[in-house]
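Each in C-alpha cells, the structures are laid out below.
In the two complexes that follow, chain A is the common piece, with chain B as its partner first and chain C second.
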Partner chain A sequence: MSGIGAALLNSLDIGLLLFIIAVGLNIVFGVLNIINFAHGALYMLGAYLAFTLINIAGMPFWAALLLAPVGVAILAVVIDRVLLRFIYSRDVADSLLLTFAILLIINESVRMIWGSGIHVVQPPDLLSGSVRLLGSSVATYSLFVIVIGLLLLAGLWYLFNRTRVGRIMRAAALDRDMAEALCINTRLVVTGVFAFGAWLAAVGGVMAAPMRALDPGMGDKIIIESFIVVVIGGLGSFPGALFGAIILGLIHGFGGRYLPEVNLLLPFVGMALVLLFKPNGIMGKGANA
Partner chain B sequence: MKKTSIKNLLVAMTATATLGTVSVSYAEDPIRIGGLYILSGSAATYGEFAQKGIDLAVDEINGSGGILGRQVEMVYEDSQGKASVAIQAARKLVYSEGVDALVGLDSSGVAQGMVPTMPELQKPLIITHAATPDVTGNLCNAFTYRISVNVAQNMKAAALVAAETDATNWTTIGPDYAFGHQSWEFFGNYLKELKPDVNLMSETNFPRFGAEDFTPFIDRVMDSDAEGVLISVWGGDLVNFIRQANTRGFFEKDMEVMFTVGAATEVLSALGEEMPEGVHLSTRYWYEAYDNPVNDRFVKAYIDAYGTPPSYNAEGAYAAIYAYKKAMETAGTTEGPAVAKALSGMSLEAPNGTVTFREGDHQAMVSPNWGVSGPMHPEHGIRTLTNLQIFDGEKVARTIEETGCKL
Partner chain C sequence: MKTKVLMAILAVVIAGLIAVPWIASYFYVFIFTEILILGLFAASFNLIFGYTGMLSFGHAAFFGIGSYATALVLIHLEWPFLACLLVSMGASALLALVIGFMSVRLNEVYFAMLTLAFGMMVFAIAYQWRSVTNGSDGLAGFTLGSFGLGLDLTLANPSVYYHVVLAIVAIASVVLYVICRSSFGMILKAIRQNPERVSFAGLNVRTYRLVAFVIAGTFAGLAGGLIAPFLRVASPELLHWSMSAEPILMAILGGTGFFLGPFIGSAAFVLLETWITTYTESWMLVLGIILAMMVIFFRKGLLGTAIDWWMEVKK
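Our next item is the complex of A and B:
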C-alpha cells in the first residue's frame, strides 16, 4: 500500500513538472501555430541560469526562481523579433526547422559557456530533506514541485478564462486577422505569447535543477518527453497538456515501480494507444471529427 | 591614412602567418590520429575528458620529437553515441581525412556496431572507454584493441568484493542497454561461482538511459528484500540517481551498495559531499591507486593543466596515444596492418602500470579498482577511496576460450 502511495506522489511530481514545461509548448503552438523544437533548450537555459545565479552569484534559490525565467523570456523576445517573425505566416515545417536550428545553437552555446561537465543545484534549506506521507518518505522538494505545478495550473486557467489578456490571446489564436481588425496589436501578442512560453519552460528548468543533474543534453531529453505529453494530450490544448503530463507521469511512476521490465516501452505504448483511438490526442482539436 | 596602415599591417600579418604554415609543411607530414568520441549531448563530458588526456599525450610526444620523427595531429569526429553515426565518421576519418589510426568509443552500443567494420578500414582502433566484452570477445578482429577495463574484468572484481560481504540476496539497477544488462549478467555468473548460496533476484531494474527520475526504481529496491544491489548507472544519470536515493534514505538501509562506475571523478566532483560514505565504488582507473613515475607525471600534468584530478576516460585516451607511439616505432611504419600487428602482445608503461594487449583477444590486461567511499579529499573536493583494491588484470580477465574470440 505504501508502495502505491509513493508511486502516486512520484507520478504527480513527474507529471506536474512535465505539465509546466509542456503547457508552454502547447500555448505557443495554440496561439502561434509553431512547434517550438527549442522549448527544451529554453528549459535547459532556465536551469543553467539558476545554477549561475545560485552557485556562482551566490543568490538564494528563490531569487533564481524569479530571475532566471525572466532572463529566458527576454532572450525569447529577441529570438522572436530577430528570427521567428519571418516564419509565422509560413508552413509549420518551416518553424520546425528554424526552431531546431535555435535548439542546436543554444545547446552548443551552453556547452561553450558552462562546459560539458555535470552540474548540480541544491534545493533551498527549507525544502531539503523528506517528510512522511501516505506511508512512505517523500522528498520535501517533490511536494514543492507538486504545489507549484498546481498553482501554475490554477493561474493559467484563470489567465485564459477570466482575464482580458487571456481572451486576447485566445482571440489571436482563433483568428488573427479578425483580432487585428478589432485593434488588437497582434504583433505584441505574438511576441508576448512566445516569451510567456519560454518563461514557462524556464520555470520548469529552475524547478528541475535541484533534483536533476544539469548537462548539455538535458533539453533534448525533456523535449521528447514534452512531445509525448502533447501527443497524448492533444496539440495546442491547455487541458490536454495537463492530461498528457499526468498520464505520462503515471506511466513513469507506476511503470518503473511495477513493470520495470517494459518501462522503456510504456510511454510509446501509451502514445500509440492514444493515437489509435484519438488521433489528435485526448483533448486535441477536432478529436471527434 | 591611419586606416590604410592598419590594413597593411593586417596584410603583412596574414602573409607572415601563411609563410609560417608553408615552412611547416615542408617538413614531413604529421601522423594523423582520428578520435571518435561523444562530443555533444548529455555524455559530451566523456569526449571532453578523452580530448584532455589526448592533448597531454600529444603535447608531450610532439615536444620530444614526435613519432618516427613526425609530429602527431589529432582529428576528431562526434560519434553522438550512435553506432551508425560512428561508422560513418570512422569512414570519413580514414578515407577523407587520411588518418593512420583511430582511438575512441564511449558507448558499448556504439562499439558493438562499429567494431565489425574495422577490417574493412584496415586501420587499427584502440578503444579507450566502451566496456562491452563483445569487442574483445565474439566480435574481435585483427584491428580492434582495448586499453581500458571491460565489463567482464570489472564484474569479476565486483564479484570478489561482493563475495566478501554477508549479503546473499542480490539485485541490480542499470541502464537498459548492453552495458547495464551485461554488467548484471557477468556479475551474477561470477558471484554464483564464488558463492553458490547467493540468490540472484529475478526482480531486476533497468531504467532507460537518461531516465532523469529514478525514484520508482529506488523505491522498488528499497521495498524488496535485497541485501545487496549492483548499480551500473553512470554519468549524469548516476548523479541524478544518488541525489534522489539520498532523499529517499536509500543508503540508510542495511544493504551492500556497489557502484560499478561510481568512482568516476566527474561524478564525484558533481556530487561532492552528496556521495554517501561507506558504499563500494569502482572505476577503471583511480588516479591515487598507482605509485609509478608515469602516473606521477600524468596526474601532475593533468591537475596543472585542468585543475581537477584525471578521470578514467582521460587516462585511457592518454595511454592509447602512447600505445600508438610504441607500436609505430616498433613497426617502423604507420601502415595500418603493420601497426595493428605490432600492438598485439605489446606492453607499455601507462599511468596504471604495465599494460599488455593480450595476443588472443587484444584486450589490455588492466586492473579494475574498487574501494569504499571515504571522507572528502582536502584538496580535490571529492570523496576519497578507502580500502582500495587493485585487482590483478590477468586474474580477473576471462580466458581466451571464454571470450569466444578467434583471431
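Our next item is the complex of A and C:
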C-alpha cells in the first residue's frame, strides 16, 4: 500500500513540474500560433543559470528561483525581436523550423559555456530532508514542487479568467486584427506572451535542477515530454495541459516503479491510445482536424 | 537549348561521381558515400515535406529500421546484400503504413508532434529490447558477402561499396523522380497547396497522403539499409529525433521545391560539417545559425536562390 502512495505522490510531483513547462508551450501556441521547439532549451537554460547563481555566485536557492527565470525571459524578448518577428505571419512549419534552429544554437552554447559534463544543484537545507506521509517517507522537495505547481496553476487560472491582462491575451489569441482595432498593442502582447512562456519554462528548469542532474541533453528530453503532454491534453487548451501532465506523471510514477523494462516506451503508448480515440487530444477543439 | 545545357551539366556531374574513387582520396570516397546515402534519405523525406506539405519529425524511424533490418539479416541469415535491402524496404514500408495510418489524418502541427513521438517510440523499443537490438551499443560485427544477382563484389572495399551505393541511389532517385513527375506527384503538390480543393475534386486526400508517407518511408528504409554496412553498426542514434532533423535541414538547405534540392543540401551539409569540425567543435551552433538564416531570408534554399539569381542575370 505504501508503494502505491509513494508512486502517487511521485506521479503528482512529476506531473505538476511537467504542467509548469507544458503550459508555457501551450500558451505560446494558443496566443501566437507558434510551436516553440526551443521551449526545452529555455527550460535547460533556466536550470543552468540557477546552477551558476547558486554554485558560482553563491546565491541562495530562493534568489536563483526568482532571478534565473527573469534572465531567460529577457533572452526570450531578444529572440522574439531579432528572429521570430520575421515569421509570425508565416506557416506554422516555419516557426517549427526557426525555433528548431534556436534550439540548436542554445544547446551548443550551453555545451560551450558549461561543458558537456553533468552538474548538480543541491536543494536548499529547508527542503533537503524527508517527511512521513501516507505511510511512507517522502522527499520534502517533492512536496515543495507540488505546492509551487498548485500555486502556479491557481495563479494562471486567475490571470486568464479574472484579470485585464489575461483578457487581452485571450483577445489577441482569438482575433489579432480585432484586438489591434481595439487599440491593443499586439506587438507588445506577442513579445510579452513569448517571454512569459519562456519564464514558465525556466521556472520549471530551476525547480527540476535539484531533482535531476544537469546535462546538455536535458532540454531535448523535456521537449518530447511536453509535446506528449500537449498532444494528450489538446493543443492550446489550458485544462488540457494540466490533464495531460497528470496522465504523463502517472505513467512515469507507476511505470518507473512497476514496469521498468518498458518505461521509456510507456508515454508513447499512452499518447497513441489517446489519439486513436480523440485525435485532437482529450480537451482539444474539434476544429483542429 | 535550356534542357540541353541541363543535360550536359547532369552528365558531367554523373561522370564526376563515377570517377570519385579514382581521382580522390579514401577520405573523400567515404564523404561522398555518406552524401549519397543521406541525399537519398533527404529526397525521400522531401516527397512528404516539399511535395505534400507534411512536416514529419520522425522520418529517422524508417531510416533506422532499415539499418537494423539489414544488420539483423546479415548477422543471422547472411543473405546477399540486395536481399537485405529488400527486407529493409519492406520493414520500413510496413512501419510507415502503421505510423502513417494514425498520423496523416491530423493537421500539420499535430502531425509534426505525432510523428516525432512515434519516432521516439521506435527509438525506445530499439533502446530497451536488448535481446534483439543489443540496446544502446547497437548491432555490429556483421560482414558483407556477395551482392546478389550472381554479382560477386568484395563489398568490404570502400571504392566498390561507393559504386554500389551510387548505382542504387541513382536507380532509386530515378524512381522517385518518376513518381514526383507522375499525375500522382501532381496531386501531392495540389494537396500541399490546397487540400480542401483536392478533396472537393473527389479525391481522398488522406489516402494520397498515406501512400506518399509509405513511399517516403520505404525509400528512407533503403537509405538505412545502405548506411548500416557503411557505418558498420546499426545503433539507436539512427532512430533518434535528432537524426530526423537531418533530412529536414538538408531539404531546406538545398531547396524543398526542387527534386535535386535535398541532394545538394546533403552535399552542403556533409561537406560543411567536415570542414567546420576541423576548425571548431561547435558545428551545431554554426548549423543553427545557417538554418535560421535560410528559414528567414532564403526560403527557397541554395538551389532555388541560385536559379533566381541565374534568371536575374539572364534578364
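Keep in mind that, in the parts below, the second predicted complex is superposed on the first by the 285 of 289 C-alpha atoms of A that agree within 3 Å, B and C clash if a C-alpha of one lies under 4 Å from a C-alpha of the other, contacts with A are read in each partner's own complex, and residues count from 1 in each chain.
Here is the rule we use: a contact is a pair of C-beta atoms (placed from the backbone, for glycine too) under 8 Å apart; a residue touches a chain by one contact, two chains touch by 3 or more.
This structure is a prediction, so every number in the text was calculated from the model and none was measured.
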item	value
Fit-or-clash call for chain B and chain C when the two complexes are aligned on chain A	clash
Which superposed partner A:L235 touches (first chain B, second chain C, both, neither)	second
Touching partner for A:N107 - first (chain B), second (chain C), both, neither	both
Partner chain(s) touched by A:H119 [first = chain B, second = chain C, both, neither]	first
Partner chain(s) touched by A:A7 [first = chain B, second = chain C, both, neither]	first
Contacts of A:R257 with chain B and chain C, given as first, second, both or neither	first
Which of chain B and chain C A:D220 touches, first, second, both or neither	both
Partner chain(s) touched by A:I184 [first = chain B, second = chain C, both, neither]	neither
Touched partner set for A:L127, first chain B, second chain C, both or neither	neither
Single chain B stretch clashing with chain C - from 56-64, 110-118 or 290-298	110-118
Residues of chain A that lie at the interface with chain B and also at the interface with chain C	107-108, 111, 220, 261, 264
Of all residues in chain C, those that touch chain A in their complex	53, 55, 102, 105-110, 112-114, 116-118, 120-121, 124-125, 127-128, 241-242, 245, 248, 252, 282, 284-285, 287-289, 291-292, 295-296, 299
Chain B residues touching chain A - in the complex, by the definition given at the top	40-45, 47-48, 176, 203-208, 210-217, 219-220, 223, 235-237, 239-240, 243-244, 247-249, 266-267, 269-271, 274
Chain B contact footprint on chain A (complex, rising order)	2-3, 6-7, 10, 13-14, 107-108, 111, 115-120, 129-130, 136-137, 139, 141-142, 211-213, 215-218, 220-221, 252-257, 260-261, 263-264
Chain A residues within the chain C interface of the complex	29, 35, 83, 86-87, 91-94, 96-98, 100-105, 107-109, 111-112, 220, 224, 227-228, 230-231, 235, 261-262, 264-265, 268-269, 271-272, 275-276, 279-280, 288-289
